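Labels A, B, C, D and E are assigned to the chains in the order they are written; within every chain, residues are numbered from 1.
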Amino acid sequence: MDIIINISGALFLLMGSFLCISGGVGLLRFPDFYTRMHAVGVTDTLGAGMILIGLMCYSPDFLTFSKLVMILLLTLLIGPTTSHVLAKAAMHNNLMPKLQQEDNIEETSSSNY
Amino acid sequence: MISHLPILQVIVPLMAAPICLLLKRSQLVWLFSLFASAIAFIISVLLLQQVMTSGVISYELGGWEAPWGIEYRIDKLNAFLLLIISAISTVVLIAAQTSIEKEIPKEKHTLFYILYLLSLTGMLGIVSTGDAFNVFVFLEISSLSAYALIALGQDRRALWASYQYLIMGTIGATFILIGIGLMYQMTGTLNMQDLSQRLPEVAQTRTVFTAFAFVIVGVCLKLALFPLHLWLPNAYAYAPSIVTAFFAATATKVAIYLLIRFTFTIFGLSFSFTTLPLQGLFLVLGLTGIFVASSAAIYQKNVKHVFAYSSIAQVGYIIVGLSTSTITGLTATLLHLFNHALMKSAIFLALGAVVYRLGNVQLSSFNGLGRQMPLTMAAIVIGGLSLIGVPLTVGFISKWYLLTALLEKGWWPVAILILLGSLLAVIYVWRIVEAAYFKKPLAGSAPVKEAPLFFLVPIWLLITANIYFGIDTRLSLQVASAAAQSLFGVSP
Amino acid sequence: MLIAATLAIFVAMILAIIRGIVGPTLYDRILAVNMFGTKTVLLISLLGFVMGRPEFLDIAIVYALINFISVIGVLRYSDTNKFKHTSADEKPLDKEY
Amino acid sequence: MKDLFAVVMLLGIYSLLSASFFVAMDAVDVAFTEAAVGAGISTLLMLVVITMTGRSEKTTRHKPWLALLVVVFTGGVLIYGTFDMPYFGIADAPIHSHVAPRYINESMKEIGIPNIVTSVLASYRAFDTFGEVVVIFTAGIGVMALLSVGRRPEEDEKTTAIDDSMHEQYLVIRIVTKMLIPFILLYALYVQFHGDFGPGGGFQAGVIFAAAIILYTMLFGLTTARKVINQSFIQFIAAAGVLLYGCVGIVSILNGANFFDYNVLASDPVAGQHLGILLIEWGVGCTVASVMIMIFFNFAGRKEMQQNNEKISNIEGESP
Amino acid sequence: MIIGLFNDWVVVVLMMSGLYIVIAHGNLIKKLVGLAIFQTSVFILYISMANVEGGSAPILAEGIKQFSNPLPHVLILTAIVVGVATTALGLALVVRIKEAYGSIEEEDIQHLDNQTQDETEIQATEGDQS
């Protein structure tokens, strides 16, 4: 039983780490703000969740476990909310996605970024 | 209760501050803070008495013995400083209510008194503690309240002066923090007494040299020693008059106390003055400070600026006294601490009275003031004479001892330079006297009445002290020389 | 495995810092800081396990909260008139780096 | 870096990084505080101020050679000083062998709580902590003296109107925040009481508590928040915290021991220590929380006043 | 040797960059940021001197023998509070300065101050003549 938990924990951690790094790469490489946010938003929540679940598998006692659950809930609640607000605020302040910009250059050329 | 005096000294004004916040009514708050300050003064008198008769008092906070807990350690030097600070604070507070009425908006009066008390607490705390890190904490209490108090000044330049002071002061405090950290790293202790015993073992390491350098530079920033004095003139000139009177008399004194404490007690005389070239450095900086600041004072248009620069010059005298590193020199330094506090608080309070009546302290508005505010101007003149060092005033006594110390050392040229420096003081004091007594008042300016009683009483209290201690030097001299001797490890 | 995950998070953090420095817009920076914050939460939790004292997860919770609060704060205050005003004026400035 | 906003963001990151470093260096309590204060409160305050003062730094033409010289010299002295330092992490350095062992070995017997940092903070060096509380109190009073604005009733209505229009777009986040705030407050209490056993204590709890209120203020407007917590109540709590702390000391004097000697507070020393630490932690928590809220309210209130003035002047400018 | 002091050197570099920002930059907020960096670096210096090889966080628990030195942690807790207090007060001052001068650049403020000083001097000389 222990072995299964350990191995699954390790797997979760591995997947989480992979997601985190890919999120980081996405943040750095993607062309404009919205795509970057997409990369971060998705991988951050999922990756963090994975890593926390992985850690839960390693946790020695109940208190630690429950704290991890708490952190997980927090990230699940906070991550999407911040992404949502961030996107909304950016949209609100006339920050246009790149794709759209290329389609209708005439309209939005005044407000690049 | 007597055995708890060292802690009560600090705790009384400290606890009074939050209570003031609850009292709200500014009249009440004023009376209460005056009361608290007066109690602090009484305690300091009792402490001085106790120290003079029975020697060093050690008080262990929390009942934990010294290197583990924090210790309050009152020796003659601290007790002397405590007396100066609490006495000046009490006297200045008498005038506070009248003065801030015109200078600070009504709703901020309560906050003003709270900050004033906190600043007093900070200074008392720095002086009485025997723990190096505790010094830092109380240093920050006093400086934070000082920044806020200075920024309460009317002129917008007060804000800028306060900001500059904040930056310089914080850099200074952080330097002290670095120095304390390095000392702690080498010795593993924070208690001053313990440090002084353990430092000689590691005295030859480069780390301790660095620690020493950082502490000294940090303290000198607070002290406004010559090249690091830039924050001081504006801060003093634009702060509310009461604040200037209080700080000019006490804030630099506390910094000098720290300098003495660190160089003499913690690092030890031989390390500070023999191993390192501190003696020469202090001498040169002190002398340059005297000349640069005094000549700057001559050209100022704002009378508060004049005396602020003169404060920097006086710091120069004090530092020259330190640089002799003899008992007489140190006695002169301590005497001058006391005397300078008396003169400067009197002068700045008198200037506060002028601000109260006139609204500004430009030199030009002093014209003819000698006849309109005779008592106030007489106070400024006596204070000025004291700054010059005319016999029968306290200024003479400390200059006399300083010269004696220099001649003992055989430093003839320095003694002559000091006398020349006093001549510069004659010039800047003369300009004020000339304006006040020999010029006619400006045409069309409204006649000015004498300052109100709440100003005259504290001013003349201080002026009387100025003359009394200039004639009867027994008390101040006895304490100062006893403190100096104990710092040199000579039992009196 | 724990150490590998820690390293991975380090890499992600460095990437986030680069994005935070490069910018170019305000929102990129906020995003980078937000991601950095999340990564710090994970890093602290992982460090607790690596060092064998997992009871320090409290700190991770605080980080998560603080991270949330500061992002909200940033958004709340980046929305005011003056801010937009100045940032609109000085948009070319962003191109400097 | 001429964009102050980016500078502040990076400062936040720096603070988070140094907090992570503190965790790696086993200083969990410090990391806790640094995270809450450095990354949270001071970043927020700086942001508020930037919105009031403008976002970009002016380019200066002259080259600051003097500054560089000073800095290089100071750095040189420090580097010079490091050569005789004990190496990093060595266990028999003087710092670890003189005063510290007593705390590590005896604190369980003398004070009876597992978190050594708390026992040193609250008992051995209680006076430093008292000083710390007074420092924060001073800062609160100072900020109030500098920024407080007299409020006139007729302005309040306008303010509310402005506020409401401003955050209609934040519906989602408002709901999430409403869910979170009770949790944060509860967590603050947990940190307050758990400080004896794990990282945490009055200071951290106070900051977290204040953070929750600040979050509320940011989303629901200052006027609403002021209705919940009014100014004079906050001042009262701030003063009461300092007084509570001080009174613990005075009670021990009255019981015939030295200031802050908790041993005499209860029948046996360890129980006395427990009681003393509990009380002073409460004092710290109260003062810190209320002062942080007070500072934030003052900044936000000042900002609101500026905005109102701008609005009024705009309206007046348009109407004639 | 190099490893043993590496930590300190990094701290020194950080500290000095903070100090440089404080001295060299004219923007008041940036000065405060520099101050914060400077102070935080000092905290790092303290904390790294508290570290013991193989030690653990100073919270007593079963099975752990070696702890880091708790005293610097306590000192730094205090120092952090002091730091945030200073920052808050400094920021309050900046706000007031902005209101009074309309700028938060050192150069502008000094320029404005010199102007006011000149004005008062002119008034003063006029007063002398009359």
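To be clear about the criterion, a residue touches a chain if its C-beta (ideal position, glycine included) is under 8 Å from a C-beta of that chain, and two chains touch if they have at least 3 such contacts.
Worth saying up front: this structure is predicted, and the values here are computed from it rather than measured.
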Smallest number of contact steps required from chain A to reach chain E: 2
Chains touching both chain B and chain C: D, E
Relative to chain E, chain with the most remote C-alpha centre: A
Middle chain, criterion being Cα centroid separation: E
B-E or A-C, whichever has more C-beta pairs in contact: A-C
Between chain B and chain A, distance of the C-alpha-averaged centres to the nearest whole Å: 58
For chain D paired with chain E, centre-to-centre distance based on mean C-alpha positions, whole Å: 16
Distance from chain E to chain C - Cα centre to Cα centre, in angstrom: 22
Between chain D and chain A, distance of the C-alpha-averaged centres to the nearest whole Å: 29
Residue list for chain D, restricted to those that touch at least two other chains: 26, 28, 50, 52, 54, 78, 82-83, 85, 93, 95-96, 99-100, 103, 125, 128, 131-132, 135, 138-139, 142-143, 146, 173, 180, 198-199
Residues within chain E bordering two or more other chains: 15, 19, 49, 56-57, 59, 61, 71-72, 75, 78, 82, 85-86, 89, 93-94, 96
Residues within chain B bordering two or more other chains: 133, 137, 140, 144, 147-148, 151, 178, 184-185, 190
Pairwise chain contacts, counting only pairs that touch as defined: A-C, A-D, B-D, B-E, C-D, C-E, D-E
Touching residues (chain side chain C, partner chain D) in the complex: 17, 20-21, 23, 26, 29-30, 32-33, 36-37, 40, 43-44, 47-48, 51, 55-56, 58-59, 61-63, 65-70, 72-74, 76-83, 86-87, 90, 93-94, 96-97
Chain E contact footprint on chain D (complex, rising order): 4, 7-8, 11, 14-15, 18, 21-22, 25-30, 33-34, 37-38, 41-42, 45-46, 49-50, 52-54, 57-58, 60, 64, 67-68, 70-72, 74-75, 78-79, 82-83, 85, 87-91, 93, 95-96, 99-100, 103-104, 107-108, 114-117, 120-121, 125, 128-129, 131-132, 135-136, 138-139, 142-143, 146-147, 197-199, 203, 288, 295, 298-299, 302, 306
Complex contacts: residues of chain C adjacent to chain E: 51-53, 55-56
Residue ranges of chain B in contact with chain E within the complex: 133, 136-137, 140, 144, 147-148, 151, 156-157, 159-160, 162-163, 166-167, 170-171, 173-174, 177-178, 181, 184-185, 190, 301-302, 362-365, 367, 442-444
Parts of chain C lying in touch with chain A, wherever the complex brings them together: 1-2, 4-5, 7-9, 11-16, 18-19, 24-25, 27-28, 30-32, 34-35, 38-39, 41-42, 45-46, 49, 54-55, 57-58, 60-61, 64-65, 67-68, 71-72, 75, 78-79, 84, 91
